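For reference, the structure I am asking about is given below.
Letters A, B, C and D mark the chains as written, and numbering starts fresh at 1 in each.
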Amino acid sequence: MTSHEAAPGKERMSRDFLAAVIARRFPKGWLVNLGVGMPTMVGGYVHPDQEIVFTSENGVIGYAGIASGADIDHDTVNAGVQFVTLQAGAAIVHHADSFALIRRGMNDVTVLGSYEVAQDGSFANWRTSKGEWDNLGGIGGAMDLAACAQQVWIMMEHTTRENGPRLLEHCTLPVTAPDGVTMVFTDLGVFSVRDGRFTLEEHAPGWTPDEIAALTGAPLEVSPTVTEVQFPT
Amino acid sequence: MARPIICSSMAEAVAGIPDGIQLLVPGFGPGTPANLLTALYDAGVKDMHVYANSVGLPQGASDGRKTLNDLIAARRVRKVTAAFTAPTHPSQASVPADMIRAGAMEAELVPQGTLAERVRAGGAGIPAFFTPAGVGTLTAQGKEHREFNGRMYVMEHAIFADYAFIRAWKADTLGNLIYRRSARNFNPIFAMGAAHTIVEVEEPIVPAGELDPDQIHTPGVVIERLVQIPADGYFREVPR
Amino acid sequence: MARPIICSSMAEAVAGIPDGIQLLVPGFGPGTPANLLTALYDAGVKDMHVYANSVGLPQGASDGRKTLNDLIAARRVRKVTAAFTAPTHPSQASVPADMIRAGAMEAELVPQGTLAERVRAGGAGIPAFFTPAGVGTLTAQGKEHREFNGRMYVMEHAIFADYAFIRAWKADTLGNLIYRRSARNFNPIFAMGAAHTIVEVEEPIVPAGELDPDQIHTPGVVIERLVQIPADGYFREVPR
Amino acid sequence: MTSHEAAPGKERMSRDFLAAVIARRFPKGWLVNLGVGMPTMVGGYVHPDQEIVFTSENGVIGYAGIASGADIDHDTVNAGVQFVTLQAGAAIVHHADSFALIRRGMNDVTVLGSYEVAQDGSFANWRTSKGEWDNLGGIGGAMDLAACAQQVWIMMEHTTRENGPRLLEHCTLPVTAPDGVTMVFTDLGVFSVRDGRFTLEEHAPGWTPDEIAALTGAPLEVSPTVTEVQFPT
């Protein structure tokens, strides 16, 4: 049973829709790190007037987008080892300088995928095992980014394949950071995370706050200004 | 410290490397010293502790080059320190992860920025430093914590290895190196972080004085051996 | 973080800098931001804590430029952190040293490499680290010591200042910087080590995309203001 | 009264003589840091076949010599802020990377001037005051270099202006490093420092070991192979 089947007749937002929603939320001039996987799609939806600088923890400051065909340069990849093109004015630094900038707080936001996010702002995205600590997993740069970026935005599906909640009171998986998440973007809506609470800011078209709350594993406040997510124009 | 030896083959470049070494392996897709790794594989060196970003997800390459994954699968690595020791999702197959699970190889999983900074510290004569990365997670368990200016940090120790393998774009006869685009990644810091640094270089090695002193990414004084990748060598990385 | 503001004058580049700031001043002979320092002097900013290699030995320059020494002599600096707070020999005259001796200015004397690394740490989000420099000397007195691998080290704290003044050779409109020869010195690390980084640049500022991404010494994302040195500005340093 | 007047009829070695003696002692390929002042002269006396690389803590790796006339580049100076020319194959790094290399132990030797050196290998070269610690002095990079170079060689006059000894049992001035000196080159001879003892390895032309010992403030052993200092050819 997929999450789409869980609510017959109700469409969830597509990944592209969500990527565009996230992209257009970046204030002008932000420095943005996009995590591996779904968040990579966000890069395709920013508007040039936003003057967004995408950084990648492997030392690329200012990439333009995913490269294809003749634009591919085998030496130029992002953190997901996808070929990318460079923005005019890009700069390359080595890994220690790249993480120096990250720890310094250079990134206005890092957009990361996740398995779980909790109302205290913690999230879990690097290990699906709940077993004893065996030094197995794939952290990459997520812990550095989560600890040091000005904000952490999570882009994820609202529920598991079994339709269980991913927005929780407490993470059940080992966390990537014990706090720091400020926004969560799921296929059901846009949520802020503040003072230990999830607040529904925007709901997916056709979905009511109550329907979303029913698929959420933590108390869900509803913003007094809650609106339907608009596809950015 | 003498001038680097310019080797005429990959085999010569890895000659004499003993078993049991600590080895730094840079690369993030591009910038992986594939030719030196292949020569090391062929030389049979074993019982190594390898530091790398990832244990290497692909199961070998079709063109014959050997990756860290191949060295691990051949049981030549006793311990790995990396930011990726396993796929995040258990559904993805991984020989290294299976070996770690089975106790056939020791593993240390570290945040990527911490790995980079630990080697940078080692190459900079700094034995330990504090970082916020990993605080409140499994990776900081058992490590010393300390508060500075109201925030909690974890103490991390430097890494200074026996050997580093480096992949450069350009080099001169004194070992000065230039990297290209994101093939730079861990290379400049790993080049500083080992007692013996061996470099494979893509372009023909030029006479000293031809590279602009302002544009050199790694000063040659830390380089011990230098070898040009032969025409039939491995020039392009295998994208993951 | 927005793109840097390209200012049309040195006065504009230092406008709004409040009293009481911590200020990083690079330079080792070449690479001193003489034009910004002169504008800061003219702007009357006071009560500063300045970090620099040296308090500045020369008693001003004949061409009108102001040095750190002038700011100190004008009692605009409350504290200085430097690797040279006085000439080693008391026979040499030094206004800053006299002021420090008289209690008119506070001083912190640090090894040069420790100064560089403390600012590098500040710009790298590392609150503290250990170094062997100064162990067993007056400069390590009262500081925390610790042994690693049988050797004694002293713990040093990061410096992250309010402002940094930078002198670059080339820049583009996004603030990417290139330095020339030993005019580089402290500039790249000081550019990272402050909340507000202001740059004076020698060559005309070029459009973004004209500098090779592999050859940029300071990425523009840490730059707040950028100003080209006017034709009647100070282009050459006064040799000590 | 100068030190030359102190021993009438006995010539001490000139600074240039001493600089040449030091320069020719560098084994092939050494990375050498020369301190401000007298040690700077050493650079003029190495032979090209020695393949010496001179480094300067302001980030110059591989300078050739002191520049003059048309060779002066206003952006290229050594640690003493003297204009220098670059060797073919020179590299420039920033100050933090320069001291990273220094702390890593890159320099086979640093040659430093000094006021005093003691038989325990300590030396004092940054402060002439014996008074209370007031944060006054000129350290520069000497403490980093002294703590981290493979060897510390001291180049100094054997006695003070008052003909008092500079080679001592214990330093009376605040030390630059509590140990590390392996060789001392003075205008009276060449001394090794090992196991808490000075040993005279070579004496200045015309000087006997006893005459030198009389101007030394610590016990002076004499090497069984002691010879007269030869001017390098």
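In the analysis below, a contact is a pair of C-beta atoms (placed from the backbone, for glycine too) under 8 Å apart; a residue touches a chain by one contact, two chains touch by 3 or more.
All values derive from a computational prediction rather than experimental measurement.
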(message) What's the distance between the Cα centroids of chain C and chain D, rounded to whole Å?
(response) 29
(request) List the centre-to-centre spacing of chain B and chain C in whole Å, with centres computed as mean CA coordinates. (result) 34
(request) Using mean C-alpha positions as chain centres, tell me how far chain A is from chain C in Å, no decimals. (result) 38
(message) Among all residues of chain D, which ones touch two or more of the remaining chains?
(response) 86, 92-93, 96, 99-100, 102-103, 148
(message) Give me the residue numbers in chain C that touch at least two other chains, ranges are fine.
(response) 117, 120, 124-126, 131-132, 180-181, 184, 213-214
(request) Report the topology of the inter-chain touch graph, choosing from line, ring, star, complete and other. (result) other
(request) Throw together a list of every chain pair that touches. (result) A-B, A-C, B-C, B-D, C-D
(request) Using the touch rule from the top, collect the residues of chain B that touch chain D in their complex. (result) 1-3, 120, 123-126, 172-174, 176, 192, 207-209, 211, 213-214, 216, 219-222
(request) Over in the complex, which chain B residues touch chain A? Could you list them? (result) 28-31, 53, 83-90, 97, 100-101, 107-114, 116-117, 119-120, 131-139, 141, 169, 179-189, 217, 236-237, 239-240
(request) Please give the residue numbers of chain A that touch chain B in the complex, ascending. (result) 56-60, 73-77, 81, 83, 86, 92-96, 98-100, 102-103, 122, 125-129, 133-144, 147-148, 174-179
(request) Would you mind writing out the residues of chain D in touch with chain B in their complex? (result) 28-31, 51, 53, 55, 61-62, 86-93, 96, 99-106, 108, 148
(request) Spell out the residues on chain C that touch chain B in their complex, using ranges where they run on. (result) 117, 121, 124-132, 146, 148-149, 151, 153, 157, 178-181, 184, 213-215
